[in-house]
């Protein structure tokens, strides 16, 4: 940590700051520039609060050098984390396909989608039963009965199930029905929920908050890992910007960035990241070519009758088009992924050696 | 609702859309422009999902005309809502001052602040005991014992208490200790929490999410009102933008905008909206002059020792400076507020007459 | 255009609005909903100012139905625009590679880069000689002598040259030295420059402004086309958002969106869109897989000695890595592009038929 | 400047970085933490390019300690800059009122507005004759004849004139007609225009770019000052964010921030900062109470007939309302301003002493 002192700081004020730091067990390295004096703090614990120091009279700015995350860092865990769900490996060579409706609506709807998706080679079925909706007057999800329907439909077609929990009590309600718990974008900083889900033994699908920075995103994952659950996959689903032609702005940059700094898998959600069916296919291809470990796509037999998110759901024909396009580039993307994994292995052994 | 049709839409596709709308009980008003055909939907229920219609083949765009909120709208409730907490009236002529530490830390700390604030004329004491922190390694709040301390300190100095609930079970935990429940920015779209808090009989202080639009903000209030609790005050605490010199960007525009479209009080939080003590006083004055119904400010005897948010907490001397500055403009601001209330009354009687 | 009237509008006020519209030659289609009255304006000219109408007493909102751009629209020009520069076709099947230093620094530097790029198969050499720099104390470019150097270097290795004009007089200065004029992000709304460049006969490379919407971007292209120059290629180079880990946020969504609504080629600039060399390769691949018509990349033999943008410039080895990775997916991307072109042809003939 | 080294940097790579820095004449202060090694660079010139250093192999991050601006800094010039235009002092105790139409339209229009504004106590008349418009099909301004009209109208009513220059040749065209040159938001980083205008002897009104950071804004002012023209006033006119209910988001925080770090006057433009007449008055009051040195407001006798910006222009009655409201708080705002000026004086003499 670097502390930049105000050029009008008094001797007493400098002493105060230094005493405070030394009391925490850290060491200080002083350095005087032509215009500013700075204090380098060495051996500071990660939880030494950067903000408080700026409140000292005479301190101009505090700059953190270390990234705040630890368990989610690739430094801590150099190889990719691979998460096994039924017979799927997430984070491994082959990108994973997750598809299904925004909401579970009826037993028939989810069963039909399950059948169709399994025929298309999808391995994980999505479907919300607790729905976070901006309006109290909108459809709020089918609740536990919906969970039962999706669970049975998935069993019939040998699919794994992912569904969202909105609050702590939903964990118990959904536990027997789902294989992966989803934490939605609006809950990314529901820290009590993160801690609770971190105590479970199921994989977690953590969506990036609509205006989350990289550090905030990884720190939310860190909440889960620090409770003992290391099966966390991240999801980029678009961020909120000034841009008007899409529901959200897909931040492609974060896909390779996560691969650089963290060992956790990163999945993309082109449905939310665009909000428009006409962009889902090219954005999916772009994300996979840039290194994403999988796709989560909303699919519905009749999007215009969907209870939610119809305008960003593919119909079955469009889903075929997506899979056809993916098939065109799949082999070459796998080649790129294989090379990347080899580089990681080389780095690990170089560093170990 | 206006539905803009694609210029290549087929006759069958037009029929599909129209049949669907008519089935919901709404009427259609067709209109053919030189380049586009549009359908005006009349008598549509507020919950007719705008998104789904865009999924119809041939539909280009759907435009909502009605604002989505109802109970929070000034049209529905033309006079200002005034919320009574002990002997304070929030939303009335006199702006309210809420102050206190970010976190309750020790019994001595909160008691000292309570004493100091009561001497300064503050009527409501803030202090968090459940703290939403980005890092799992940061101080997470004192929990119920902290609630007990702040409740006793407030009683001693005849202050009301406001504190944050992070999840549903916190409501019961805090119920006997606080006078106002705060919903933090990160929980603004924790809809299950909003519903639960809407069933209580205590006033609610709802903070705007860090990237919430006006409609989203009011719809979150609508969740609470629609459960029966009408004592909701809103809080602008800054939004996330590209701007680098402050923690958040204070959106002053929303203060008069809320007064225009809603009857609910709007309080500003200059501590979070700036993140810098050197900006709190001028921003407070600006917000009050623009019509805010009150201030919530973080205060700490020794900000540099605060467990959280020290860098945006005023010390006692700075709090004095704020109150002195406010005193300079208070009378003239009250004159402006009085005139505004008279205008509302005139509007109400004009419209009624 | 749709005009939503305030529910308290008087009969006289309605008349005023209608008279005003009729005077412009447009027709009105009235429609009364349960809560709002709306006026549909038919046959409005594109330049009927939407803003002014909102200033009429009693008008609540004005909603434009038509997109504001015309010459840049795919409706107006259904097939892709293909721009020929020397023996390169931009906007055609094969994506184009543009590479070179941020700034032309010395004759040796640009000649060495030209040689290296030509060996690597690059066809267009970039290099700025007028540099828009945030600081007046930073290197401002070599000016005309730099243009001479890059022109000669390019000639020697049979490359085309692209370089930026910052103001009108730069057009004449650079005319004989460059094959493509670049309009930088900061000049995207320098409308007098757009008009002037629209009168030239050279292809234009128009970069998206750092916070330009889709409509603004296309309207800036419209400025150039409306002056008679139809050889415009667009460039997505990242937008400004709250995101902290990259210099800009690459908006991948706009790549397929531009292909949908416009006939102009869209190139991506992963150097500016990330600001980090470690992200350039994956983002390049992602953009190309999503349909971009080419790449513009900053390359420098010794990035750490570059006069500008060193931190986002690839060195020669990294440029090799980029080309190797592109080679892996190139064939499959060409297949996707070919299919897309066939779809466009089919659409054109369907519509014509 | 602080250079954070990668924990895998080799000894040779460290040497390279150090040699490079020493060659520039700066000194190095090394410091080894428990996880990172950092180099403190002392005596670095302001133009040592931070970006390039990040391109060195083994360098993780470069952090600048010094702010990039110098001539615009309050450290360099502790007292407020006061700019005299005719008999008005901008940046002094009394905030300045600038008003007029968005565009000069006809001789009658501008003369009528000049008369009305002078009666209301306004001292500076605004009116654009070169208009930067998003669409090539929109009204582009009256050009020089409009400048003649506004100049004569102003003379008749003893007002000063401010009008915008869009490119270098506009400076000569407008020179004899205007008292203050405006640089619009879209031109804030038109660096060649900034340099040219910096060579004139007239005051400059520099608007913040729609997505300009504080540093970028001040560095654009620095361009002008570094050419010798010190009469620069800054203008906050709203920034682009995700917020949907206003045209721009007014960044109130920057008003007191500019007063802290710079000596230049800061004016607010509530017309552009809101885009809605119903918010102009409260936002104006808020800005003035927070320390703004003046207002620029768009006024038009019939906003709905304005050639541009009608929806954010006050009519004469609304302008009266604004002035009445300002009169209510004016005395108390002057008291606050007086105290602020005294504090500055005290700081200056303390530091000098």
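Labels for the chains are A, B, C and D, by order of writing; each one numbers its residues from 1.
Operating definition for what follows: contacts are C-beta pairs under 8 Å (C-beta built on N, C-alpha and C of every residue); 3 or more make two chains touch, one makes a residue touch a chain.
Because the structure is predicted, anything quoted here is derived from the model rather than measured.
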Selected pair, greater C-beta contact count between B-C and B-D: B-D
Identity of the chain that, by mean CA position, is farthest from subunit B: C
Intercentroid distance (Cα basis), subunit C paired with subunit B, Å: 39
Centroid spacing, where centroids are CA-atom means, of subunit A and subunit B in whole angstrom: 28
Chain centre separation (subunit B, subunit D; CA means) in Å: 31
For subunit D, residues that touch 2 or more chains besides their own: 211, 215, 240-242
For the subunit B and subunit C complex, residues of the former touching the latter: 2, 4, 7-8, 29, 31-36, 38, 40, 42-43, 61, 63, 65-66, 75, 240-242, 351
Subunit C residues touching subunit D - in the complex, by the definition given at the top: 20, 46-47, 49, 51-56, 68, 130, 132-140, 166-169, 186-187, 189-193, 195, 210-211, 215-216, 219-220, 222-223, 226, 240, 277, 303-313
List of subunit C residues in touch with subunit A within their complex: 211, 213-215, 239, 241-246, 249-257, 259-260, 273-274, 278-279, 282-283, 285-291, 325, 328-329, 331-333, 335-336
